[in-house]
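In order of appearance the chains are A, B and C, and numbering begins at 1 in each one.
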Amino acid sequence: MKKSLAIVAVLIAVLLTGCTPKEVKTTGNISVYTRDASSGTRTAFFEFISVVEATPLTASAIEVTSAADMATKVSADENGIGYTNMEIAAANPSLLALSYNGVAASETNVLNGTYKLARPFNLVTRATGTFSSPEQEQIVLAFVDFLMNSTEGQEVVTSKGGIVEAGKDTAWDTLKAKYPLLAGDVSTYTIKTGGSTSVDSSVKAALEAFQALTGVKFEMNHTGSSDGFKRTLGADKDSVNAVDVGFASRAFKAEETVALGIVSGAYCVDAIVVVVNAKNTVLTDATTEMIHNIYTGVTKTWDELAK
Amino acid sequence: MNRKKLRALKDRLLNGVTFLSSGISVVVLSLIFIFVFSRGWNTLNWNWFTNDYWSVNMYLALPEGSQSSYNKPSDLSNTVYYSSKYGFAVTDYIDEQKISQIKIVYIDPSSPLLDASILTNGPDFGKANPIKVNMLVQKFTYMDDVGISHSAGSIIKQNAAQFIDTLETKSISIKSTYVQTIGGGIRGSLIATLLLILLSLLIALPIGIMSAIYINEYASHGKLTPWIRSSIELLTGVPSIIFGLMGMLVLYPITALAGANGTSILLGSLTLSIVLLPTIIRSTEESLKTVPDHFRSASLSLGANMSQTIFKIVLPSAIPGILTGVLLSIGRIIGESAALIYTMGTFINDDPSILKGSTSLAVQIWSVMGGEQPNFQLACAISIVILAIVLFMNISVKFIANSLRKTW
Amino acid sequence: MRTELSKYKNSKRYKSKIRQDLFFKSIFQLSALLSSMMIVIIIVFILVKGLQPFIAGYQYGTRNFFEFLVGLVYRQDQGIYGVGFIVVNTLISGFGALLISFPLAVLTALFIAKIAPKRLADAMQTVVELLASIPSVVYGVFAAGSITVMVKNLGAMLSIQTAGGSSLLAVMLLLAIMIYPTITSLAITSIQAVPEDIQHASLALGATTTQTNFKVVLTSAKSGIFAGAILGLGRAFGEATAVSMVAGNKLFGPTFNLFDITRTLTSTILTGLKETTGVDYDIRFSAGIVLMIVILISNLSINLLKNRIGSQK
């Protein structure tokens, strides 16, 4: 009896520690990972590879909840393919970032326009007079100014992988003069942000830096780009989830009337990269057509690509 | 003879199978414990209980002309980089978001870093705020030899070696610093969980005990009683996620009247108090049943009325049962997640209050596991805390059941 | 004597005593009614909210109830909500878990109640109680960190590909572990309640202790054992947090392949978490109704099965 118990224990131990056969070639079905429908990265990415209504996403795609979740899932799945932003892909050694149409994702290639899978990180604030108080409005505008125009703000964004244009380098000490409230105690104010999850790390770093400079508090509730407009100017602008600044990791759509907001625009550019598991032996470069076929379900196996 | 042997063999085989299936459960339990402890144990320490989850960001000024020459302590390992100009040492550190940071590991007792003061506007401006070991360096703003300020630190993607090298070779003085605490603590969730337990019991106990009294003392043979009993019993079969949906829908307007907008601890407690009702009612009723009838008759015949009898005679005798109900409830509250995700929210709040959303310990696990980078270390460490509390509650229940059981 | 009594009955003190009694009685009654109303409140409100998307004039576009019930695709991005396959998946994962857990639990219960020596039995009882007291979110962490790894490696050994281990099999194993203590503890109680004389009769007829245990004791205890199975199944269907950590949320179905990802009713209810308005929000309540109906029907059918088996003996 004890013997059989020991066998069971050993078997489980073996399964747990893993004895994955050293597979050299990537073969079998492609696991297609995608972000959920509210994601701006998804919208932007699908536009690039023309996954549209006529040629929709394959139904066997697996939905993940955030850019980081994408990295986790693909790095655990040798047959996975997905897309995430450059910074997250670079931080994860179990991921292989593919070049796109022969061009590697890098800051230089994005800025000189050769790497095509790039999209802006946009923001929009609430409309004048719709903040909880005029003071709140001033504080929020100060933060937006810090994020978009100050040396310190853009420095933080760069540190989190955002690609910024040169020239926006006014010192914060100069900019802050426009916001008289900041001279006093502003620790009772809370800036609420929402929208895209891809901007999460850069916005968090910027808010933290802003907090260190001014003492203002912040609350981030990022759920997807479609909520960026919805929760500042759209249907949810007066709901419990309303925010002061909304973010989108794509261009704003025509029906999103961001002109109503006091400020709207991009604070940096970010590259989307197609990622596969680091153990993948088939791909190093992605072409538009290949990725289109994978995401629409035309190409189903790695073997088809290996040919 | 042969048949007898066969029978004995068969018997032994059957017994063996039962032994084996019991063995599997032991294996599974040990696996769970090994898994949770091996991953979470290193995170457990006292600071972790009292730390905030979110980092505190500090913008600090250092005294003018702060540079001098400090002696390098001899016991620093070779992954630690020492600044002899400012008397502190740093090392590379990967935070829970898998981002590389620069962590301070040593500060000389006379280092200018200890004389830092707050630069953030507000009531604390100018207050002394010494930089401490274990803080993360985001940025040091230093002046070079021609008087131009530059940044150094992880904010311009330097690692520890590059950061120290920059300070040592280029800086003349440090103007200001931007540092962070590490965060990742559970203080907020701990407080929120305590508030949740208190409030839920405050609501559920009176209603539960009074219901049990009505069912057992007044209406034990009433026509409605079987209905009441079985509809309360039905509550135990409802999955907790349904309670969550219900709380969001039915109870939210009540908390909104109290001034809560969105999810809140109050909403969570209201929802959980419904989840707890069957447990409290059942354990109270069980112990009411054990109070012998002649206690009641004696009290009534001495001229006490029904309510006096209940409050002075019956209830005191039922205290062990009520206590059992309370302990079981606390165990349930601490372990509950699905009902709370909707009603208390998933935002980890370091400063919880009754009308604001916060996470309980269990929901904090859900928060750190879902969404962004799943953080197994933190999740497992919280799991250890939850397991410890829940096991303690269960042992207490056993203890009470054994030692307080009175024989009349 | 009689005048004394009536005097007392007219006294203020007596009257206030009566009033006090009435007051407390009505409070007690009120709380009892409140407690018993809760289930009704839950059902009514969720029904009303959950049926909204199917009623004409629904502000986000009325859905067809029938298509919702039998649909085989659930895609929020295309506005297609069909829970038919999700129900099938929920049933498969629940019954699959029961299939794994039930024999193990019953055998363990027999071991604890009849076969093991006293001290070992006590120790095993503690093990079962410990398993029962572990919160589901902890099971979820365990499952996401180790069951999925196990399934992934198992798949790799059989050269079957998995999505990082998130799979129907992982859900089943997880649920099997979670419902095991429930079934076991109810089975122990009912095995211990089997009258001694039946067992003595069996032994006197020449059966061995083991034969008695397996043939007589288990048969007599079956109603309690089935009650345990029902409870376990209810828990399996209703389990949300842990399951959603390993299910993988497939967009279409049903899932029959053990190594393929799946989607259960509870994991569906938890995915719409971010929404606060619109169809995605309301449809969760519809899924909640379906979940309650699934639990109800499966309880009824197990009860029916129990009676069948009962009448045969």
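In this text, a contact is a pair of C-beta atoms (placed from the backbone, for glycine too) under 8 Å apart; a residue touches a chain by one contact, two chains touch by 3 or more.
Being a predicted model, the structure only gives us computed values, none of them experimental.
With respect to chain B, maximal separation of chain centres occurs for A (centres as means of Cα atoms).
Annotation: B-C is the more contact-rich of the chain pairs A-B and B-C, by number of C-beta pairs in contact. Chain geometry summary: the mean Cα position of chain A and that of chain C are 38 Å apart.
Rounded to whole angstrom, the centroid-to-centroid distance between chain A and chain B, based on C-alpha atoms, equals 29 Å.
Distance between chain B and chain C, defined via averaged C-alpha coordinates, is recorded as 25 Å. Shown for chain A are the residues that touch two or more other chains, namely 12, 16, 240-241.
Each of residues 146 in chain C touches at least two other chains. Along chain B, residues 19-20, 24, 31, 370, 374 each make contact with two or more other chains. Residues of chain B touching chain A in their complex: 16, 19-20, 23-24, 27, 31, 55, 57-59, 97-99, 119-124, 138, 151, 154-157, 178, 180, 261-262, 347, 370-374.
Interface residues of chain A facing chain B in the complex, by the touch rule stated above, are 1, 4-5, 8-9, 12, 16, 65-66, 68-69, 72, 91-92, 155-156, 158-159, 182-187, 197, 200-201, 208-209, 211-215, 219, 221, 240-241. Of all residues in chain C, those touching chain B in their complex are 17-18, 20-21, 23-25, 27-29, 31-42, 45-46, 49, 103-105, 107-108, 110-112, 115-116, 124, 127-131, 133-142, 144-146, 177, 180, 184, 208-211, 213-214, 231, 234-235, 237-241, 245, 266, 269-270, 273, 284-285, 288, 291-292, 295, 299. Residues 7-8, 10-11, 14-15, 17-22, 24-26, 28-29, 31-32, 35-36, 39, 206-208, 210-211, 213-215, 217-219, 227-229, 231-232, 234-235, 237-243, 245-246, 249-250, 274, 277, 281, 305-308, 310, 331, 334-338, 341-342, 346, 362-363, 365-366, 369-370, 374, 376, 379-380, 383, 386-387, 390-391, 393-394 of chain B are the ones that touch chain C when the two sit in their complex.
Interface residues of chain C facing chain A in the complex, by the touch rule stated above, are 73, 75-78, 146, 149-150, 152-154, 156-157, 161-165, 248-252, 261, 274, 276-277.
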